[in-house]
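Below, chain A partners chain B and then partners chain C, in two separate complexes.
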Partner chain A sequence: MNEKNPISPHIQIYNWHISSLVSIVHRITGVINITLITIICFLVMFLMLGPNNYSLINIFFNSIFGKFVIIFITWSFSFQILSEVRHFFWDLGYGFELKTSNLTGVFVIVGSFLTTLLIYFIGRFFI
Partner chain B sequence: MINSTKKWLLMKSSGIVLVPLTIWFILNFVSIYDNDYQEVLLFFSSQPYKFLFSIFIIIAFFHSALTISEIFEDYVENETIKNVANKLLYLFAIIIPLLTLVILFNL
Partner chain C sequence: MVQINLPKNSKVIKGIYYKDKTNSKNIRKVNVYRWDPSTGENPRIDTYEVDMDNCPSKVLDLLNKIKNEIDPSLAYRRSCAHGVCGSCAMNMDGKNGLACTKPHAEIKGDINIYPLPHLKVLKDLIGDLNTLYKQYESVEPWLKTSKKNDQQENIQSKSDRSKLDGLYECIMCACCSTSCPSYWWNGDKYLGPAVLLQAYRWIMDSRDEDRKERLNKVADELKLYRCHTIMNCTNACPKGLNPAKAIASIKKMLATS
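After this line comes the complex of A and B, so read on.
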């Protein structure tokens, strides 16, 4: 006989709020990020095959689509970083009031786009 | 300390350690992604980048395994499927970084 694990109410039954939006995007970007890190690990493995084989990856990263992918990666990591910091403050017992929670949720969403721009700018021009 | 508390503490501490490591990685990756083979190879094979990247992927896979297992806990009703999914997840979180580290230290 299969045992049944009591599951969470499915996300479809909730009304959408800033907090639920940030929470679900936090989970989605978390899964996306580990997929991206896995792809980067394969990229490292690909380096073993030498410069000729790497030229395909180089062409991809120098294309418009490749740059779009990098900006998306930067946003996905930025969102996760800001949301993780928000969770850290919750764990310390701060920011549970509805108004503060909504405000920090908006900060994570808007901040993720600004952080993306900042990281891309610093990465391209200062490192 | 009960196991769930241990898991929560590990999840939270690895998440916080990942914040500066992710910032370091993404800043550097943005700066080298479109470079040629030799420059990308130099980034991944020279210190301290090699050491920091190793720490980054070990903690990232460790943290992901713990957090994704929470998603399984929330949304997979069948215990057998959930347990198999968790085992595959843990296996994946060990094999991929291990294989990457072996190759990284032989570049």
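After this line comes the complex of A and C, so read on.
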């Protein structure tokens, strides 16, 4: 086989399925989460350095951008956890039928937003 | 490696437009991927206007009609036309399947036909499956037994035989492997769903005495564990099999043995 043969189109033309969509978002949120955990660790470290740092972080998280970041983090973790539960059942050998996997996929997507809302309201009104 | 964009020589350009000559009122546009190895040109998408009043129901019939009546230079593989041989596997409407079992009425709008994704194109809709066949050979898809018994059948119980259901039906059309993003990026090392389903078929065969050896052979970071349960394979399989489940079963066997 020489080099002149073209490669047939792949990701450009292939339809997205629920399962492939959840899979790629699972990966992306995974990378985001590990970065965020590192950043949160740094924030905690800053808090130990004194009250000035605390007020700086406080101002940031009370700004609109800061709030957006917090809600995004909540969603990203919700998605990751729900999707991970799905993977856990797969590893046990359950849920491979097309119907089941599509259903659990939708559950992960919808559930991640619902969980985000739930956590938001609990944080807003009960804590 | 993950490579989202196509290389320069694979970029698809606009091709020839074949206008309908039958004056039919029931016309559908069919966009077909074309590449001619005898010219140095890039692949192109040719558009055919097809008279649907005189066309049978499947996508393969549509391609036959184009080849017979509009453009005889179109190249594609086909043989049995009944979903048994697996020759006419291609990408239709963004999903892999067999052209001979896919009704074109299921496709809305223009009909887009491409070769199986991420293969070296030999001509038009014909992709090079040599790598896949080599990988298939590497799992040694034949019965290994020490019994020298030429006179009698090698008997299997009903329950042992039923373990092969959903595995033996595979026709190796490569729809699943070429739908898998993992196989796109690591097709040279990762075995892919089709071959792993076959590997599992021989692992599960009660008459085979090489189970341990077979399991050890596929237990590899790249050969097996590049499967991330994306499930495109199960979505694509025209025979309704479940390669994702077979791969997970291999993983489970390895984890529990």
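What to note about this one:
The rule is simple: the second predicted complex is superposed on the first by the 111 of 127 C-alpha atoms of A that agree within 3 Å, B and C clash if a C-alpha of one lies under 4 Å from a C-alpha of the other, contacts with A are read in each partner's own complex, and residues count from 1 in each chain.
We take it that a residue touches a chain if its C-beta (ideal position, glycine included) is under 8 Å from a C-beta of that chain, and two chains touch if they have at least 3 such contacts.
Predicted model only: the values in this text are computed from it and were never measured.
Legend: residue contacts after superposition of the two complexes on their common chain; A:S23 is shown touching chain C, with no touch to chain B.
When the two complexes are overlaid on their common chain A, residue A:D91 makes contact with chain B and with chain C alike. After overlaying the two complexes on the shared chain, residue contacts for A:T100 are found with neither chain B nor chain C. Looking at the shared chain after the overlay, A:Y14 reaches chain C, while chain B stays out of its contact range.
When the two complexes are overlaid on their common chain A, residue A:N5 makes contact with chain B and with chain C alike. In the superposition on chain A, the chain among chain B and chain C reaching more residues of chain A is B. With the contact threshold set out at the top, residues 4-5, 7-8, 10, 27, 87, 91 of chain A are in contact with chain B in one structure and with chain C in the other. The touching residues of chain C, when paired with chain A in their complex, are 4, 6-7, 9-10, 12, 33, 35, 37, 40, 42-43, 91, 93-95, 112, 114-122, 127-128, 130, 179, 181, 184, 228-232, 234-235, 242, 244-245, 248-249, 251-252, 255. Residues 2-5, 7-8, 10, 27, 30-31, 33-34, 37-38, 40-41, 44-45, 47-48, 50-51, 54-55, 58, 61-62, 66-67, 70, 73-74, 77-78, 80-81, 84-85, 87-88, 91, 119-120, 122-124, 127 of chain A are the ones that touch chain B when the two sit in their complex.
The residues of chain A lying in touch with chain C in their complex are 1, 4-15, 17, 19-20, 23, 27, 87, 90-93, 96-98, 101.
Against chain A, the residues of chain B that register as touching in their complex are 12, 15-16, 18-19, 22-23, 25-31, 33-34, 36-38, 40-41, 44, 53, 57, 60-61, 64, 67-68, 71, 73-80, 82, 96-97, 99-100, 103-104, 106-107.
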